[in-house]
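Structures follow.
Each of the next two complexes has chain A plus one more chain, namely chain B in the first and chain C in the second.
Presenting the complex of A and B:
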């Protein structure tokens, strides 16, 4: 098998348990870090969702008794799934194409993926306000070519939110796919061709199954990030694009119902974990996060 | 992901408080020779509003009194609540809106204002209902209707909120702030235009009315964005604070204000409970309350002083653009802070509920 050329996560080919038995104390800083900065806030959040001047389940009761939250949760999940599908549809060919390039071009074009990835999410979302606005790039171009008479209303629609999210999360998907595709031995395709497979058959029978870990890793990452995303729906969406993170922020900053906000956060977390656990039954997560092969 | 960020907010605030208190200790050592003067930390709203406050109020006060004034900006209700409840009070004076003030005062998070320390010449012009126990009134701003005069000629411009909601007679895109302060009052006035009987109103009906605008309205995340929408033609009319329109007019944009059915929002200086330099805060109020001092920020901000005596120090052409001026005052009314402060959770919920209805 070829060696890795890009220092991406999947390049780490060692098993997770290699150091475990010998130097457990090496884990201590990481464990302490996680307990202090992740575990403790999580406990605090759980606590504040059930404790407000005494034990209460008011936040959870409110969630389960009011269908508005169900709708918002459903919409949030739907946005996550659609974003996942869109990033996959766009990202897969791009990653495939990037892997096939020679090294110089790969580095140059990879920059086009990485530079947006490194830029501020707020700035990138604001850019879409400029592009999709009534006097924005898209509408002025369409009007100039007289394809439309009236500017199309993009802002405050599902389309705007999905475009913004897809654009924002595309680099995550491409990087996941790229790292996996980069490790696939192209000779396998040649062998398939040699044995009489058509190029399409070789692609779907050999290449696509081998990219599965990347597809699942990318999909998970994109879905989880899309479901927790706050800025994009807030800026590009309207009232119809209210997602659960927006409701949580509203409860914290405006309604000051922190019990409900904590309960909603816990529910979003539980649903996300549940999806991951469910997926774990069908996909080998260890393998997925651990490496390409 | 968001849920992981919520709680560390508290941690971050704690860290900020620690670093700030370290900075304050350092600053204290530097000005130790100025023994009696001490310090004052003001927390305001930022932007050109705070620039004007800084130039006309904070710096002159620091010079006159010898108190070292430091400024900060950017906070919201939640942050103030956490700050005061956790005991890490970083500010001595905060500039807050009326409903935030009401809610904080009700929660017992503000210091009482010692009105006996406010000079008599300051008190004369303050309307009696603005002499709050826990806050000192400074300015009022107005939520007005503004429109693009090149898209909506002045004679065909909407005059009432009912007009604003009438998309067939008054075509054009509307803009408003969204989730954080949905235009519930304006929607109510569109249903029933009686200003005097505005409060209390039915929130559900208001949200239904907002929803009925559909694609004709776009919602922004902040007032700056509403102003931007109006400036760059994204919207032809907007529900917007009057102070955000002034700079657009000054920049030559074809924008005009319709003062009919405007709502005024008072702003206050309050002293958070446990403020480290409470006495200096009162001293500062005793300075800033003077009508001629109050009047100074009217021109740069377009926000009107609550103290009516301050109008003696404001030129007529500036006064005309201020909320509370004699020409337009009868066209609007003040908000009901008690109603709004109580309705706050329901307004936040109503916004989410509106989406699925």
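Presenting the complex of A and C:
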């Protein structure tokens, strides 16, 4: 609420003051909508995971007793971490370089980040199918130059999934880092240089610590999106690249085991919420969502 | 100033900077190359994916436009995205006004609740809604999909409209009230026109969020009435046919055009 000392019109009785109390109700439709289409399904999912013709923990028992599910959960987390590290390692220098450019070049080259960011994820994953497929770009090119006789099986490998995920999520990381780096006062670096610090020391002692919010926000976002990703492992991976979202979809579409599907979804949800709570200590999520100013 | 210039100039010439530039340009090329591949392949005349193609043809675009299956999917996608934009805009506008212009206990909790569909894995939302829709018997309906897409579109709307409301000078509204305008009149003649760029941006973001969604569509639509991404999905699973490249190119053009429109509107409004 922005309070101001601007003199209010005489008709104060009908003035903005009274609206203060009325505005909160404007959120009612949206909140009700969210409770019905977001809150309720989640509660129902929790319910389905522990109730089918009576109380049951069958879904959870199956998860915790079958090492296959442990392996899938572990693989999903591993994929998230590796993607995070890759996007950070690749994105950090690129964001740094972009921030240092002059305005015109920055705008032009940011398009190379923004256009993929705004293109459909499915389309971009499909592109990798075209590039890495049996009759894909890489294989046909290699065969044309007679470097190989048989198409190489790129799809269905860990590399394919990681390339696809890194490609998909890199723009998120670069944009997070870029927005933080762009607001860093470069004079701080010059001050450090003037005080005798080497460029490398100035970079690591001044610049890097200031980019922490961007690093945390980007890492959090990339990890969460990687862990929940369905299309990339489904299209580029094989049986060895099964992630939790793929198992959930499989239970619903083919195995028709709703109790297990609900239990698996709850586990993925609990993991994501736990990570959010953990991340909240380092990332100002509220600020990330354009909150408190 | 002279130290700044020499520092900048010397750092620009150093081997580290050259390496950095080379690395960054390679990464940017990596980000853009797959999109270029799709666009180029979509104009290929041959049945198989080859790169570079042996000529130029529009046959895959003709195949797309003359196929009723693709046209149905396109129509559904446009309809759902338009309805999503309208619904999320109305709900999101109201909630933004409430969040920005009033204080009440639990305000932050409400904001986090409204933003959480962005962070929670989409597959969980899809599964939850699937369970719900089966019981409500609205699985495969346009309404069901619009409601689902509104969930993921509204966070963008709330973010954009809230930001605009924060920077809005309320004294203009009060001046209008002081000059005798009714609350609705002030809203209509002062607030809305000033927020128009934000409203249009929010609508475009919501439209694209819905238009590009695959996961929710995968769970909540029928095979006979799929959205465009779902139709692509079905085709990708079965056969790799350059028609998908043509459809993908068109989808990319629509998304990028939307993005450009947002940037253009923001530029116009910042100049005004």
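In this section, the second predicted complex is superposed on the first by the 223 of 293 C-alpha atoms of A that agree within 3 Å, B and C clash if a C-alpha of one lies under 4 Å from a C-alpha of the other, contacts with A are read in each partner's own complex, and residues count from 1 in each chain.
Here, contacts are C-beta pairs under 8 Å (C-beta built on N, C-alpha and C of every residue); 3 or more make two chains touch, one makes a residue touch a chain.
What you see is a predicted model, and the numbers here were worked out from it, not measured in a lab.
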Now for A:156: first (chain B), second (chain C), both, or neither, which partner does it touch?
-> first
Scan A:215 for contacts with chain B and chain C and give back first, second, both or neither.
-> neither
Mind working out whether A:135 is in touch with chain B, chain C, both or neither, as first, second, both or neither?
-> both
Name the contact category of A:37: first (chain B only), second (chain C only), both, or neither.
-> both
Return first, second, both or neither, reflecting whether A:68 touches chain B, chain C, both chains, or no partner chain.
-> first
Applying the touch criterion given at the start, work out whether A:265 contacts chain B, chain C, both or neither, answering first, second, both or neither.
-> both
Looking at the overlay, does A:252 come into contact with chain B only (first), chain C only (second), both, or neither?
-> both
First (chain B), second (chain C), both or neither touched by A:119 | second
Using the superposition on chain A described above, determine whether A:239 touches chain B (first), chain C (second), both, or neither.
-> first
Looking at chain A, which partner touches more of its residues: chain C or chain B?
-> C
Do chain B and chain C land on any of the same chain A residues, and which?
-> 37-38, 41-42, 44-45, 48, 133, 135, 224, 227-228, 230, 235, 245, 248-249, 252, 261-262, 265, 268-269, 272
Complex contacts: residues of chain A adjacent to chain B | 37-38, 41-42, 44-45, 48, 67-69, 71-72, 75, 133-135, 153, 155-157, 224-225, 227-230, 234-235, 238-242, 245-257, 261-262, 265-266, 268-269, 272
Quick one: which bits of chain A touch chain C in the complex? Just the residue numbers, please.
-> 1-2, 4, 6, 8-11, 14-16, 19-21, 23-27, 29-31, 33-34, 37-38, 40-42, 44-45, 48, 90, 93-94, 96-98, 109, 112-116, 118-124, 126-131, 133, 135-137, 140-141, 167, 170-171, 190, 193-194, 199, 224, 227-228, 230-231, 235, 245, 248-249, 252, 258, 261-262, 265, 268-269, 272-273, 276, 285-286, 289-293
For the chain B and chain A complex, residues of the former touching the latter | 1-4, 6-8, 10-11, 76-78, 81, 103, 173, 178-180, 182, 210-211, 215, 218-219, 221, 232-234, 344-345, 347-349, 351-356
The residues of chain C that touch chain A in their complex are 3-4, 7, 11, 14, 16, 20-21, 23-24, 27-32, 34-35, 37-38, 41, 48-51, 90-92, 94-95, 97-99, 101-104, 108, 110-125, 127-132, 135, 147-148, 150-151, 154-155, 158-159, 162-163, 166, 170-171, 173-174, 177-178, 183, 208, 211-212, 214-215, 218-219, 229, 232-233, 236, 240, 244-245, 248, 251-252, 255-256, 258-259
